[in-house]
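Heads up, the next two complexes both have subunit A, just with different partners, subunit B and then subunit C.
Right after this comes the complex of A and B.
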């Protein structure tokens, strides 16, 4: 099924939401993503990913309270579902399993400085 | 400091983004915006905001909205929309008919205009090498006139010298000033369109040979190729190939090919092509530079450039011609000949102008706008009747988006039905359109894919244009207001409708003013004193047999009582265009003035009733002075000039008499001066012209009595037949020939008239629709007024007042617009009318009257209704 596949961006979005714990809403996700990955990410991409992930069942969301910030618009907080956690773990397992099969001698990571 | 995000971006987000995502997205964007203002300042923050809004415009956020509200019942909904639409159409058959008729007439016009434009734009496009075929024009230094033909040496010389040239062809057309007599057995006709052409004719042009070999058909002397039409005219059902045609009663020509009739959108129209080698005279066969009667076409190689060829011509001409004065030769692309009006030459079709295409297209768009406005107006005016339906649909869960679709769909449906009507109307109107546009389209021409494709596009565009405003308005109704039951058309809607009606009438009034100005100018040009009398003047070709015993011929002809006058000339006055130049040595040694020249018989002035200002006309003695027996250097020529020819020299007519004059190798003096007369169109200023004494004539001019014209003509013909059996009695009327100079103005006036009529007609449909809804809406008010004692008349006036105001406003806007536009058009004429108050008053009275009649019927009906009927319901 298409739904079980986790894209790279989706994976790190899920992880960031995990990191943020109960403070994961759009702008916070974007900021954390940028801080972690050292690249610029548009809010549109975040929204597209969170909505898609929610549709797939990896995320659930609820609106926060109305506050004076944001012109009275509520924040939408995301949480990784159990299903989402499973998918994340599966992705990680797949990677470790595959890394383990790589012959260390044939795969020298060059770490040259200067 | 501005601290809120760009409003429009916000609006876009709100309209496009699905409601479920909207709050989250907007909240996050606002937060980012606030943050960015701190970090980067308001400008950058706004920029980022815009960027982010656009980044949300992906398939995901926009497509979401559909899946939820309607997926399975999509087809059911559309079926329902369609049913409701049909019900609405048939519930108000009158209104629907008005609507469709307006749209149908508009689109039929658009269809015909489209066909015409495509036809015009497609001129000469069937020539495969057309994009690299050029016609050569020449222009002498310091002279204005562009000559659209070239010396016969040009094409062969250039082809020998320039490797860039693939091929070329010369066309010589003698027919325009002295027609050929073509004979096969008992079929004898005078033919104008017989061209001498090089054997390369078919290499250059893609005319289709039905019989014969394109490579060989025009190689041998005395070969002739004729069109299908001519083949039928001369040979009937006989096979023409291999037969001979006798030309000018002297030479036999062998038919070597039959060619398909040239398409109507070809700039060259010919009946016969004769091989160039058929010339016997050395004057034609030798390559000479001292002539300019050959329309010359060059075909360049694929990668050669016209400008580089153009640049090389002067050098080559200088080397080969040894002439002192070299004209400038220019290459003009074949495709430009028709529309840009560069002109080919010598009887190769008069050119159309791009201007007319623009006018045509512009008017087409105007008519469509008017028809669309009708739809928009009627649809919004009727919104009241649809309000409950809209409210109900919304209560039952329809989104604005769905309703928008529904109403757009309705407009597409109506436009589609009108489209079918338009096809029908176009077919019916085709013959009259042909007459108007001077084209020969057949019904099948309308079914060409580019025409139909174009008109479908137009129809779609009209559906969008007409439907979008009503769809926006109707779908925006708030259910709570409309269902409460006190819904009235909104103020803004009324204003919008009034605005649109005003626009319609601005267009109509402007067109009416335009029409009357064109008519007036045309009338002015037709009625203005020409300076000679061209009534009932016949122009006939002259043959050498008549000329030989002309005095006897003339006296015999004059014996017929209906022949009033008779004279000879080289050309009819409308066709004086041969270019001479004149030098008056007594006044100025150097000054050279271009004049047009006409050779005329001694009694010419009297016969045409022209006025002499000074001196006399050419006399018998003058003719003797240039007789053949006198050595050419001793001949003395007597010239008669018009006033305009004297103007550049600054002398009065009396002073001019007897002054020495030199004209293209003729030494002589000024014998007389005639009053200026109009020999060309009034677009141009009267040009300098001169009468020459040589007796070299091509035309007989006969004035007949205007009484019982048909009878007179047959009597004259009978006498002519008896006296000159070999010369066909093929006459032209001089006044008609002159009127033909204005054929494009005539066409324009007809077009303007027709379109002005149509716009008024369609606008009135709209008006009729509007007034009928207004009266329904105000029925109760009218009833109350009536009960309180208002008379029918005052009520009709009250209802009509609204529309009268609109027409007045439209008039105030249209008049200056039309004035500006028409002054521009009139500026092209040297002799013209001023735009007086007549067209303006005419348009005001006309429109008001028509509009008043249209509305009065409805308002009268409403005003005379029994108030009981409308008031009892509450």
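Right after this comes the complex of A and C.
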């Protein structure tokens, strides 16, 4: 198993797959990602991310039913594994914990005159 | 109707090629879905484009297949030795086809090599001279003339340029003296290549002296530098330094002291001389009105651009060529870098004939075409041959040969053939080199074949040709499915048949183009020889002017063989001897220009030059200067009819001591090769022989009529020698002289003949090989046809038909190509033939005939064969 570090893009992909519930396959993930993040994402990037995440054990996948019109090809659906859910939660916890420690005044834009 | 739009196939193919199979299904699905989405939103084109983009975005490490680039650790020697063995066996099995293959390819390669050396040699001209790009040659420009540039100017041009332009560092003049006589003791020779030049010669033009000091060798009057071969000719093994040589020629009579010996000039320079004489030996040096074969070269100061000099030249010309040159005619000088002279100069009248970039291109293209024809043959034959080996391929595949291995095998085989051909090609090139040198007048040595550069090119050719010629058959045959290969189903090879046909068409396109080329060049050259030149050079013998003119002339005229006899300053048919002059003519606002020549009365008769208006000079002596001009001059000076020219006064020199009227107009005759236009000409008689004793007395042209030419020649020589012991004798026939003008065209035609022959030969070899294979493959069919009652004629027509169709197509395509190319070539001649249908028809018939004969043997042999032989095995 490779490192368990969760990158920013990977994290979003995991979240999107969570949102899509049982409808998470390549194009759907791409579209949802684009809708959520307001940026263009290539399908190649999505495939790379999902496959890497699967390799890390954060995702599991299964093929859908064979459809007639696509010449016997199948969709590949993704699901977030328990391990993945843990990793997501861990990442979120880390963030909340860190947010809590930020002194409110340090984020205020200071305007000085003189 | 609903058209189903699919994603670009090639993109999908690419994806499948690089992508690991476990990801493929998912990726393909998603890409297709996106494609369909895009199709609706953006349309067909954009969707395809995006599809491609998406495929390319999957070029990521995690998707890319792991490929094994590792070399096999197994010992493959056995396999390779098997390939070799099979290659050799195959070569011997079909000896004829293999030799056709090797012969064709080696001929093509040899031709290519020779072309390469030719081009290399042409491009090497003057490259050995230092500062070739810093030394410039001065040219004259007469915008209204065609061509407007010519080399060779007035005597004082060089010094005046230095004086007027501070940017010009130095200048040197080279004045070709026309055929002077040099003598040493009893040795008397007529020399063609003597040049008067300034002391700065060796400074500016980087020839070096073997002996003598280049700084001072030509700085004194009456000094001479000779080349080694000339030193040998006059002095043998003695040391020539400090000795005196007698000179007798256009610049008077004097003794010249030898102050240096230089190496013989290499052949690859535009300079041509055997002797250099100091310019200070020339007495009269200030005539601006006369354009002689005096070539002026200049060097510029470091920070001066040639454009700056050119910009100042029109003003300079106006100042120094005064009153002679019309402003609107825009006479001026210009300069060109010395290193460009041989290949790029636009000027006529050079020291020796120059090369020409267009011819280089023609040679290059022709060379490559021949190689291409040879390669096509190779591919065609290998492919056809490999079909008969489909069983071998099938078995190899069944046993487990991978495609790569098969490709290896076939490329190795073609590589071996190419190596063999290359070795033969070097042999052939060595064999042809003397012939080539003879035809082209070049001196390319065999040693040049074995330098690093050449070996590099040979290796490139080797790799290139074996890959090009080997790869296609290799790919093609290794692609066959093993079942098809075993079944020998030739139908599957249908795709390759199309390409093979295209190859044959292309070969015949090239061959037919070349044949048309031959016919056209032949006709143009015949035209040149038969064109009425305006002068009759037949049976005219030329000897040098003789002392005791009257006695000599009377003696000759007393001979029954002599028809007519004329004395002249120059000879027709060679412009270099002429003298371009500008002068004033009555009624013309601007100066007139013409080539001038002083003649005796009988000159016109001797050369059959026809008068179309006015009269010739009177026989009796007269004190009137009288001028004859040619038709071109009439048109040039703006007169409408020749009659209008009569009686007009000509002010020939600046001092107004040569002034007289036009008494006659003669028909144009050619002075130069037919590439050039006829210039305006003026001819007159020297009536003031007291003042200019030998002006205009250089040659005696004798028109004769005899059955015993050798005796006549000897008689003339004896008579001449009786009067001129101290001068060199020579004689020339004017006919030869005219042929010499078109030497370059002749060479071109001869080389072209050889090249076409080779190209046609190679193409026929290919055709022969192909027909052999076709006949072999269709042996059974022929057998059955014959058994069913087909006649020999039926069968041979059937077999030839497919080829003839291809050949005809090739010919058809060749016509526009040939038309374009030959029009281009003919445009180089001012006087040319028009392209006619006949050349094309003859070329077509010839090509078809040659090819029918080539395939005829095979087809008739096959048609005559006993059907039992082809049918019994099975």
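Note that in this section the second predicted complex is superposed on the first by the 101 of 114 C-alpha atoms of A that agree within 3 Å, B and C clash if a C-alpha of one lies under 4 Å from a C-alpha of the other, contacts with A are read in each partner's own complex, and residues count from 1 in each chain.
Simple rule for what comes next: contacts are C-beta pairs under 8 Å (C-beta built on N, C-alpha and C of every residue); 3 or more make two chains touch, one makes a residue touch a chain.
This one's a predicted model, so the numbers in the text were calculated from it and none came from an experiment.
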item	value
Touched partner set for A:73, first subunit B, second subunit C, both or neither	both
Touched partner set for A:25, first subunit B, second subunit C, both or neither	both
Which superposed partner A:5 touches (first subunit B, second subunit C, both, neither)	neither
First, second, both or neither for A:52, with subunit B first and subunit C second	both
Partner chain(s) touched by A:44 [first = subunit B, second = subunit C, both, neither]	both
Those residues of subunit A which subunit B touches in one complex and subunit C touches in the other	25-27, 30, 42-48, 51-52, 63, 70, 73-76
Touching residues (chain side subunit A, partner subunit B) in the complex	25-27, 30, 42-48, 51-52, 63, 69-71, 73-76
Residues of subunit C touching subunit A in the complex	23, 25-34, 37, 53-54, 57-60, 62-63
Subunit C-touching residues of subunit A, taken from the complex the two chains share	25-27, 30, 42-48, 51-52, 63, 70, 73-76
Interface residues, subunit B side, partner subunit A - complex	21, 23-32, 34-35, 51-52, 55-56, 58, 60-61
